[in-house]
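What follows is a group of structures, each given as structure tokens.
Both of the next two complexes hold subunit A, though its partner changes from subunit B to subunit C.
Let's look at the complex of A and B:
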């Protein structure tokens, strides 16, 4: 059995390895497929659907779809970028995302994704849900207003931290992130160094008392768009 | 104009223009067009004191500055000063304090320049009742292009200083609890030094325009919304004007001290607020004098009156000239605000000059922290006057209480007195014209009010004047 699998992304021939997802192979080839729930080191999840690509003409999540020989993948097309942009807009209106004073601003993957898609303001009506803040832990804060239900914290806690701090509860619009305790984050065994904290793509799980310490101009996405690190690999390699 | 059942006529000016925020003036006239009452109403409402509740304390300096787009730095710094005390970091490092001061002087420069050159200069250059078609900033650009450009460039310089210290020209993040998140690079410093001499020269020029106008129109100034009042501001320990820090000093209209060097956290023992049904803006007063007599002025006029001296040479020389006009007694002329404001503009430039030459700005020790507190007050001299931020924070780091007394709120009663005094003097018994009604606005503008901030409000900017008859009907209404 060959240890390379050849397939196409947007007309470019890519060599993947058996067991890889389309996203993993694309990353290695320097092709950026937008994503929010996928995170290096975590098992594929397929929650956010921002990584949707067309595989032989059918929509699939690039983070969960394995590479297969001869498949034709569409990624950077106008239609897909439009659909992905709509998903991001829906995330904005579903929560309470006030980038203008959020401490994650400039380092936030959701905000950076919106900039990458050129979203100035969502076209959908805001839902303004009532969500709470759990500041009970001495070093960590959960602001559910900003949660996009990506599930990174759930997977990071169980798969990387060896704990089981987070879980989803509720269904549909009432779905939210809950803690594995009677009521509060303070009652769990989470630690501020846990990857469940650092993997949050938005300002929903935060390390306390360090907000705004990085000046504007030096934040992660102040000068380069999200995904440019992956694309840089392609530029350097080509 | 409307005649009400009681026979009184009501004139409304709505919106009042060339001010920050949305407000209106109502003037009640009897059957002989005699003024019975004139009031400035603030018709905006904001809820910042409520919606910072539950938010983490370190977010507040960035969140609460969204009260305003003109001098957000004031709210940013006042909140940061309060949060310094929450984290026990009120004794800032030299770099942190000087960076914040540079941000604040940059702000004062840009805000004062905006007001003088673009908001009030049309009244001073063309006359209060000049043709409204030219009595505006476009008219200033057409007839006095040099002055208009200087206004723009002074503002730009101030805004660039804010960007260099806070990261953005509007709504930055520079000040964090216990310090600052960046220093000033050599490149940034040299960029500012390059244009500094030009700013000093323009600052001197603006001061001269304001001074000459006031001296030449002194008789007008003595009868135009001139009334005795107490004055209040922060003051440095040695009695110098200090726009960033200090204790609270209040003086009477004659210059007698009511209280002095009051620690910010004690403000509640000395100042209270009264609510009146017809305005969203509260009426603060000095407790010992009571709500009737305890009102006071804040802002440039009050600061020049309360301080013993200014610690920069050119502004101090200007202050002496200013005080000589009233025989070294407090100046109680509303129109003198413009002169005082330009003294502060030059003072800010002088301070910026001193700071830019200070190597502490390139220091790397940016944040200090100490013993945590649950309650704190941060005070600042914003361009428009003394700004009070008071917060309580629980053990989970969440804000449980916020009280803001915003600069313009302090000037609520003086502005209402100005409106009433001008209405009685200029409108009483006359046929109402736009020029006459603009006199009322000139009186309000002298205080450079920020009506949006004053109610912690959101909404549109402009203002309205209403003339109401004795039965409460609106008989005339001017709105722009």
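Let's look at the complex of A and C:
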């Protein structure tokens, strides 16, 4: 009894456990809340804000907000989907994202999120920032043009790989990902098998020499939208 | 690696116990000593305190007073806040630039003097103003700027630039500043004379729970702007479990147009420290931290002196006020130029030696704050109110103000008014009455609550200053008939873009996009649909941002859209040729015309 916390998401009664976030409880119930900075196995971060939900009428990030008994959560509403779409569009114009020749195309969570939201082109003007590429490492490439500052690589490197290869430097619009060396990724102790590398949702951290390996039509998001795996649990159960 | 640098940096780290959480003190000292925190220094610091180099770089790159590249021996930071702009800071800037032969953001070729802009330094009532290293210089004009440069070239000692002393403790031998207080109304609470030791005596005579009850009975709410009930905050922190608990005084007054905490810290620091001590007694804390904004570093020696005097008088230290077992002391933590650190969880991050990123909530500071211990964070003015409540009783406090907003409020008034300065007035006072007192009756717009507040039009001047109507942390910026409110809103966006920590997407990107569109409208290239665009974008940032900065940063745009809509409508127009107003055909074909060597035949 005390191990269950009952609350509502879009009118559906959900059972969560103490200490869970709204996102974790929703995932288990087969309800997908869109997200980009959240990643299984990493501590909640609350940076991208794509998972914004209304909790008793107040906006909160579902990835950081703990479940609480009796709360009323709104997730799949027109208003929230609109706000989330705006945030995804902001990410597109903030960096330099060229999906048509990006190795990550079809497997990219940002691109998949745009498709899920039906975004063909952003309404915001492109900011075309000047960002650099670090190809110093023999096996790994950093392209900061495609970084969405989700902080997954930072957390994966420290929490999962037991290293501290990445951290943010600068602030505001000048914030960017830096490596634990004077300048080059090659001078860090990163390895191509590190989870920091595979945790990148976009094409900002890439393994070299494996681009375009999967043909179009067989890529992760070619047939089913992002979040389908979570929603599948609910469809199967209902 | 140069041995001197390595040894000196190691010494600095050692003097802070090689403690990673003292990173702010360490990097500030390295910066002061070497005029930068170089790549080499970062390696030494990381090794000494047992962290990663990139973590040090992360901190250094966050704060504007720290730099990886060397700055001059003297850094001139000229405030280019909106109020300073209204007082002609551009001419002063030109004079500095000409006299030094460098542009803003540069250092003289001999490496001696750097010239920079800085946002609000808490001197709007004596603008234009600048900080020269830690020394404030006020009421600047061109000839003073030229004289400052000439003097600096002679002696390179900013302290010797002070030729006149301000009033009150500004003239104290440990302050020696030309800053003036401009106290216009000395109210019955915060600015009333201090009876040292009295409030603590009263507090210690009753139990901590009774102290909290008194603060609750007085209906005291936080003066920083959010207005959370102080007694409740203390109660939560007292109830939370933790070996250590902390009281933090938020003296990171950075909201543009706010300077009342500077005056309190100059004239009534005993009241602030007494409030912290009482909070410590109430929640069961042994340590208080004053987070003092880097811009107020010139007050630090005096504040340390006041703390020492309190220790000598038994008002800090062991068995405070003779109360057996109540031990409490206060340390000062300096900031390093980051507005976001006024946000309480960002302030805690900074105290812990990290970037000033806000933290995720929950847990709230009352449960897990500084070093994961239960922590109370109170504004300077709130703590002064606490002292008064204990001195005179809750009834004497809440007889002032209104039902929802008990007591008085310190207002920092600046801009187009005859009497800029600090006013202590009862909550519930009408804005029109405030403007009358300040000699600002011809105002066309008033920004209440600083950059993140609301731009109020004359038809709303009968509204009242209180938590339930026009809430404010204390800033009242007055704009007269010749000002353009949209340009003011545009300036505030510049400020938020500069000061956003960049943690969350809507604040980091959204404010840049707001400014892009507002600039387009101001340039005469806006179209009617742009107003809906601004509204939608502003609401997105407000609703989805992670902390108070992003949640309030669109306010200047959203409140001007609401209260000054005609100013926007006058600038946006449909074009009769069916093209977007932002499209300039002549400019678009300009390059081609130049190459072709003749004009194109498009009709215009």
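Here are a few things to note about the model shown:
Keep this in mind: the second predicted complex is superposed on the first by the 237 of 238 C-alpha atoms of A that agree within 3 Å, B and C clash if a C-alpha of one lies under 4 Å from a C-alpha of the other, contacts with A are read in each partner's own complex, and residues count from 1 in each chain.
Note that contacts are C-beta pairs under 8 Å (C-beta built on N, C-alpha and C of every residue); 3 or more make two chains touch, one makes a residue touch a chain.
Computed from a predicted structure; not experimentally measured.
In the superposed pair of complexes, A:180 makes contact with subunit C only, with no contact to subunit B.
Shared-chain residue A:135: touches subunit B; no touch with subunit C.
Judged by the touch definition given at the top, the superposed model places A:227 against neither subunit B nor subunit C. Judged by the touch definition given at the top, the superposed model places A:16 against neither subunit B nor subunit C.
Legend: residue contacts after superposition of the two complexes on their common chain; A:122 is shown touching neither subunit B nor subunit C. With both structures placed on the common chain, the touch criterion links A:30 to neither subunit B nor subunit C. Applying the stated contact rule after C-alpha superposition, one finds that A:217 touches subunit B and leaves subunit C untouched.
Taken together, the subunit C residues at the contact with subunit A in this complex read 39, 52-55, 57-58, 61-62, 338, 340, 355, 360, 362, 497-506, 508-510, 512-513, 516, 533, 536-537, 539-540, 543-546. On the side of subunit A, the complex with subunit B involves touching residues 100-101, 103, 133, 135-136, 141, 206, 208-218.
Put simply, subunit A touches subunit C in their complex at residues 44-50, 52, 59, 61, 64-66, 83, 86-87, 90-91, 93-94, 123-125, 127, 148-149, 164-175, 178-182.
For subunit B in complex with subunit A, the touching residues are 54-56, 58-59, 61-63, 66, 87, 166-168, 171-174, 176-177, 181-182, 367, 396-398.
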